[in-house]
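The following blocks contain the structures, represented as structure tokens.
Both complexes below contain chain A, partnered by chain B and then by chain C.
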Partner chain A sequence: MRKRETASAKTRRFISNTIVHVCLAVLAVIWLFPIFWVILTSFRAEKGSYVSSFFPKSYTLDNYKRLFTDTTILNFPQMFMNTLIIAIFCAVISSFFVLSVSYCMSRLRFKMRKPFMNLAMVLGLFPGFMSMIAVYYILKAIGLSEGSMIRVALILVYTGGSGAGFYIAKGFFDTIPKALDEAAYLDGATKFQVFTKVTIPLSKPIIVYTILTSFMAPWLDFIFAKVICRADAKYYTVSIGLWKMLEKEYIDSWYTCFAAGAVCVSIPIAILFIAMQNMYVEGMAGAVKG
Partner chain B sequence: MKKKKVMSLLLATAMAATCLTACGGSDNTTTNNNTTTEGTETTEGTETTENTEEAAPAEEEAITATIKVWSPSEDQSADNGNWLGTMCDEFNAAHPNWDLTFEYGVCAESEAKTQVGQDPTAAADVYMFANDQLTDLIAANGIAQLGGETETYVKETNSEAIVNSITVDDAIYGVPFTTNTWFMYYDKSAFTEDEIKNLDKMLAKDKVSFPLNNSWYIASFYVANGCTLFGDGTDNEAGIDFEGDKATAVTNYLVDVVGNPNFVNDKDGSGLAGLRDGSVKAMFSGSWDYTAVKEALGDNFGVTVLPTITIDGAEKQMKSFAGSKAIGVNPNAQYPQVAVALAKFLGSADAQKKHYELRSVVPCNTELLEQEDVQSDALVVAQNATFDTTSILQPFVSNMGNYWTPAENFGNSLLNGEVTKDNAADMTKSLNESLNTSVVE
Partner chain C sequence: MSKIAEKLGMKKRVNYFETPYTFRNAMKEGSSDVKISMAVLGFANIKNKQIAKGLLFLVIELAYLYYMFTNGFHCIAMLPSLGTREAEKVWNEAKGIYEYTAGDNSILILLYGVVTVAITLVFAVFWKSTVCSGYKAEYLKARGMRVSTFVEDVKDLFNKNLHKLLMFLPFTGICVFTILPLIYMITMAFTNYSKEGNHLLLFDWVGFENFARVLNFGGKIGKEFWSVLGWTIIWAVFATGLNYIFGMILGIVINRKGTRFKAFWRFCFVLSIAVPQFVSLLIMRTCLQPQGAINVLLQNAGLTDHALPFLTDATWARVTVIVINCWVGIPYTLLQVTGILQNIPAELYESARVDGANAFITFFKITLPYMLFVTLPYLITQFTGNVNNFNVIFLLSGGAPTPVGSTSGKTDLLVTWLYKLTIDQQYYNLGAVIGILTFVVLAIVALSTYRNTGAYKNEEEFM
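Right, the complex of A and B next:
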């Protein structure tokens, strides 16, 4: 009797596990399908933007080669470097902004704290591109809309408002016991020292998250880059380049290169994530103990 | 997370686009009056300076300037012979009194409206634009009228249709350098010279691909049967006339075309892919696909004007939208006389010839078109014949903005079978209504 019960419980568990796994597998396939397709397309040897079969008829590495060597019309390597430089600056500057603001909001008490948090929330509800033309004219007025200053302008645009996105990091800082801070204060630490020596080492996962999101912003943004770069092809970022490849004049010959470009764009982000993954797990474990 | 970001990016782009179009649309009507007067002022300025310059080139005042020039990136690519750089250097050499430094930027003709319109005061002094952007450029005060010598030159060296394409209220706004339209590419082994004259004969024999849900193309059928857009294309008040029996007959005809097993809709480059693998024998496109089609068809490459269609037993000529690409001058240019002279130089017969040799940009200068080597080029002949005989000027009046989306939707309804012979009259009527309804107001 008992044996039969366990047997049926086992079967039941097996069935429910199977169903769950099948569901998950189906979802995973659906979710990965487009990515898989882009990767396949990037190796496709046939030209053109339209294909009748899912799998390419023949494979080649020429798309990648062309992307990085055929630079007279669309200079992808340069766009890639532009974006990389901007992204590195953004990652450093906005992470600093976000973490600092979050720390202040979480630990310090001042009159404007609540109103500021509400204000940041309300402002965050408006889409950023609403201000793009105004931003352009402000940048023009201070002389940042021409030549190599365009890079500076883009870094400013991507980092300037990032401090307002403090909510997630603040929530994380709130979970770190205040007793730790107080102990440090008793030992004579200043507020800045508490921030750098106590809070930061305890919040690795959120730092990783912040760096990753701010590093990704310039790779994904199209509107601001377009408005600010205008006709200066030398300062285009990858998103403008990829968009150009899909224009009527280029789409037929550049489509497979477009897919290759899309794959290349994900590489720096993936590298950064892999490099920081250890920290992520480590930090998480620390936080649980915290 | 990434997905979300991409999604929000897409939404953001879409919203921005609608924002821009909305603003652009409403601007048109309000600023039209102002721009005419402003435009005239600029003309006077450029006219006088230019006249003196042309009359006595030796007495050109000495100018040292940086001139900003925008063109598509192909014109600046070393692989294609750097047309723009070469021409600008020649221009500099031809004017010894002017010490000019050129600053090049990238802006495709089709983007001039957004790029120049964003900030005309910081835009290029000389740039290239597609003529359908003219209304918006004028509204943004981003383009100057050309007068005097240049105006005469444009009128003398171009066909009337081309001059009309860059004329607004009797004023000329650019130096045209090529035509822009679409025509038919076909496989010579599949169709005979006689068959390509009629679309129905072609459809009876082999696969034909046509972008039916692309509004730039679908109008050709309606225009064939006497429907009009804004009268002769310039009368904003006349509106779009796609009504009555003549339009219904076309809708009925298109229902038959969609039902024909030899008809393949051309979407996302499927027509070109079909030509490559041989599943399609004819497609409709423009000069930008020339190299790819030539490569796909090889010796069987054929290109010609649009065919006729048979409606109610009568043969009607399909007519595509045609426009031109031209070189425009920014009214905010610091040295208008230099900018106007450069625009004229870049649109001159010599420059067009060079453009043709380096990049196969089909010339439109009448003298150049008579030359033998140009005459023997199938693409040039087809494009110009299309422009002259089987096309109408693509209207660029402000209400033309209402045309594109309803026309595209109608193409989709035809393709998915929503439009049938039973409801053709009603559907055509509602199409005509939506074509004449402003989405902005």
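Right, the complex of A and C next:
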């Protein structure tokens, strides 16, 4: 009696496990389908967005070659460089802003602290680019909307408001034991020294996380770049370039190149993202263990 | 009064930062030096041996006054009318051609006006703090205490006043690139700045007229507004709710005891968010077109005989964007909840099993309430994020399908409609109104819930 019960429980468990794994496999396929699709398309030899079969009829590397050599209409290498330069500046400036503000919010006590936190929360409720037009006019008024100043303008736009996004780093700093700070103060350290010599060295995961997120922002943003660059194709970032390739006049000849470009942008971003994920998890776990 | 406040649950505010050097004390007890330094900034500081500091104050005051007399007053004076001179054709006798005189440009007048008002407000705050600083120097000197030197003040920036040093640049950035543009945009809501009636160059204040137009049920814009608002809320509720529940179920399924290769499954789903959103969304958009890959493949497989209107029929499009958003959002939820799910005490599940509850009941009676309790702030952020979810709608459907003669499409959210109204159609005033109304909707939802969550209330008391 008892044995049969365990046997039937075993089969039941086996069946439910099988169902779960099959479901997970199906879901994983659905989730990975677009990625798989774009990789296939980037090697597709037939041009145009119209396809008649899932797998390409013949494979080629020409799409990648054309993406990096055909610079007459859509200059992808230049877009790539533009984005890279902007991203590097963003990473440095935004990280500095975010880390300073987070440290102040977490460790220093001053009159404007709570009001500032409330302000940051309220600002977060406005639609992000509601002010976009206004920012554009402000940049125009200080002469940053033309020519090579567009790059400076984009850097300013991406970094300007970054100080308001301090929540995650503040949460991390909150986990560093205050006793460490107090010990340093007893040894005669100033607050600045505590910040640079105690807090920063203990915060590697969150620093890497902050740098990576701010580095990725210009690669992922589409709308700010579009409003600020307008028609000036010389200063396009990759996201506008890829968007352009799918416009009606380009899609037929550029669709497969778009896929190649998408792969080129996605691979570094995906690697950074997965690296960042580990840092994020580590950061959430707190600074000093035990 | 205080009793009412207590009943409302408000605590009496305790000011931990009280000093005797307040502005009121400076007015009441400051000597004539302090009073003079209200007009000549830094006078009291200079008198009390803080010469460098006092001179610095004075220089800033002079710079402000110089700006105001050369530009500032003119800018403010132009604000009420926002400019009246139109660009005119003038016959130039000498050259024998028509020349255009530069007319007023209201948008610039408004910008300079707003900036000047902002500078004046900043200066007012600065002015108040210099008076207090002068009074402090005098106060300390009168009581025979040390008055800090300029070098000491600079050193203090790295110690006692570190927050001023660290916050200065980030805060300036926020002011210039977030707050100032917002104020500027908000002022636009009260003007007739739009292509209607040729008001792109010269426009005037119209008070609350735009708000009345947008909120009016009867008008054309009003009807669009209420239907877009309705869809925005439906979208936000579904997008947030479905992502949350399905993400959690996925998390539970991956974490359950019998599942193998947990890390592999998680990696599969995380990989889909590692790809930039605009890439995956643009691919989906091309695949979902009537002539796109999915339709072609379905037809070739003989599953349908005509193209499915994924993004061309209103109802189809609405369902499609919600489903695609699940594709985008579920992995995020999975990442967020995995850790928390493991923290749910196992005893709860065991006792539920003893009581004979099945998986379904356990989920709705144990997992969901526990998760809701812990992740409410996250859920609210998600909700506001979805109301403002520009990317998914703009890149996927672009708001389409758009009825003829309408400014908004059937899948347009308030934000994407705002984008269309301003960038494409140049109804800047209506765009600004919609931005403000979006904020109001979000503020009501967020503040009423967020402020009541534990995470906000217990953000550690002062230590």
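Keep this in mind: the second predicted complex is superposed on the first by the 242 of 290 C-alpha atoms of A that agree within 3 Å, B and C clash if a C-alpha of one lies under 4 Å from a C-alpha of the other, contacts with A are read in each partner's own complex, and residues count from 1 in each chain.
Please note the rule applied: a contact is a pair of C-beta atoms (placed from the backbone, for glycine too) under 8 Å apart; a residue touches a chain by one contact, two chains touch by 3 or more.
Only a predicted model underlies this, so the values are computations on that prediction, with no experimental measurement involved.
Using the contact criterion defined above for the overlaid structures, shared-chain residue A:230 touches chain B, although it does not reach chain C.
The wider contact with chain A, measured as residues touched, comes from C rather than the other of chain B and chain C.
In the superposition on chain A, A:51 contacts both chain B and chain C.
In the superposed model, A:19 lies in contact with neither chain B nor chain C. In the superposition on chain A, contact of A:32 is made with chain C only, not with chain B. Shared-chain residue A:222: touches chain B and chain C both.
With both structures placed on the common chain, the touch criterion links A:253 to chain B but leaves chain C unconnected. Look at A:110: by the touch rule set out above, it reaches chain C but stays clear of chain B.
Using the contact criterion defined above for the overlaid structures, shared-chain residue A:72 touches chain B, although it does not reach chain C. In the superposition on chain A, contact of A:127 is made with both chain B and chain C. When both complexes are aligned on chain A by C-alpha atoms, chain A residues 49-52, 127-129, 132-133, 137, 220, 222-223, 227, 251, 255 touch chain B in the first and chain C in the second.
For chain B in complex with chain A, the residues that touch the partner chain are 1-2, 5-6, 9, 12-13, 15-16, 70, 72-74, 77-80, 105-108, 110, 115, 118-119, 122-124, 267-270, 272-273, 276-277, 279, 288-289, 292. Of all residues in chain A, only 46-52, 70, 72-74, 127-129, 132-133, 136-137, 140, 145-146, 213, 216, 220-223, 227, 230-233, 247-249, 251-253, 255 touch chain B in the complex they form. Touching chain C in their complex are the following residues of chain A: 13, 16-17, 20-21, 23-24, 27-28, 30-32, 34-35, 37-38, 49-54, 96-98, 100-101, 103-104, 108-113, 116, 120-135, 137-138, 141, 156-157, 159-164, 174, 178, 190-193, 195, 219-220, 222-223, 227, 239, 242-243, 246, 251, 255, 258-259, 262, 265-266, 269-271, 273-274, 277, 281, 284. On the chain C side of its complex with chain A, the touching residues are 16-17, 107-108, 111-112, 158-160, 162-163, 165-167, 169-171, 173-174, 176-182, 184-185, 188, 250, 253-254, 256, 258-260, 265, 268-280, 282-287, 289, 291-293, 296-297, 300, 327, 331, 335, 339, 384, 388, 390-391, 394-395, 414-415, 418-419, 422-423, 428, 431-432, 435, 438-439, 442-443, 446, 450, 460, 462-463.
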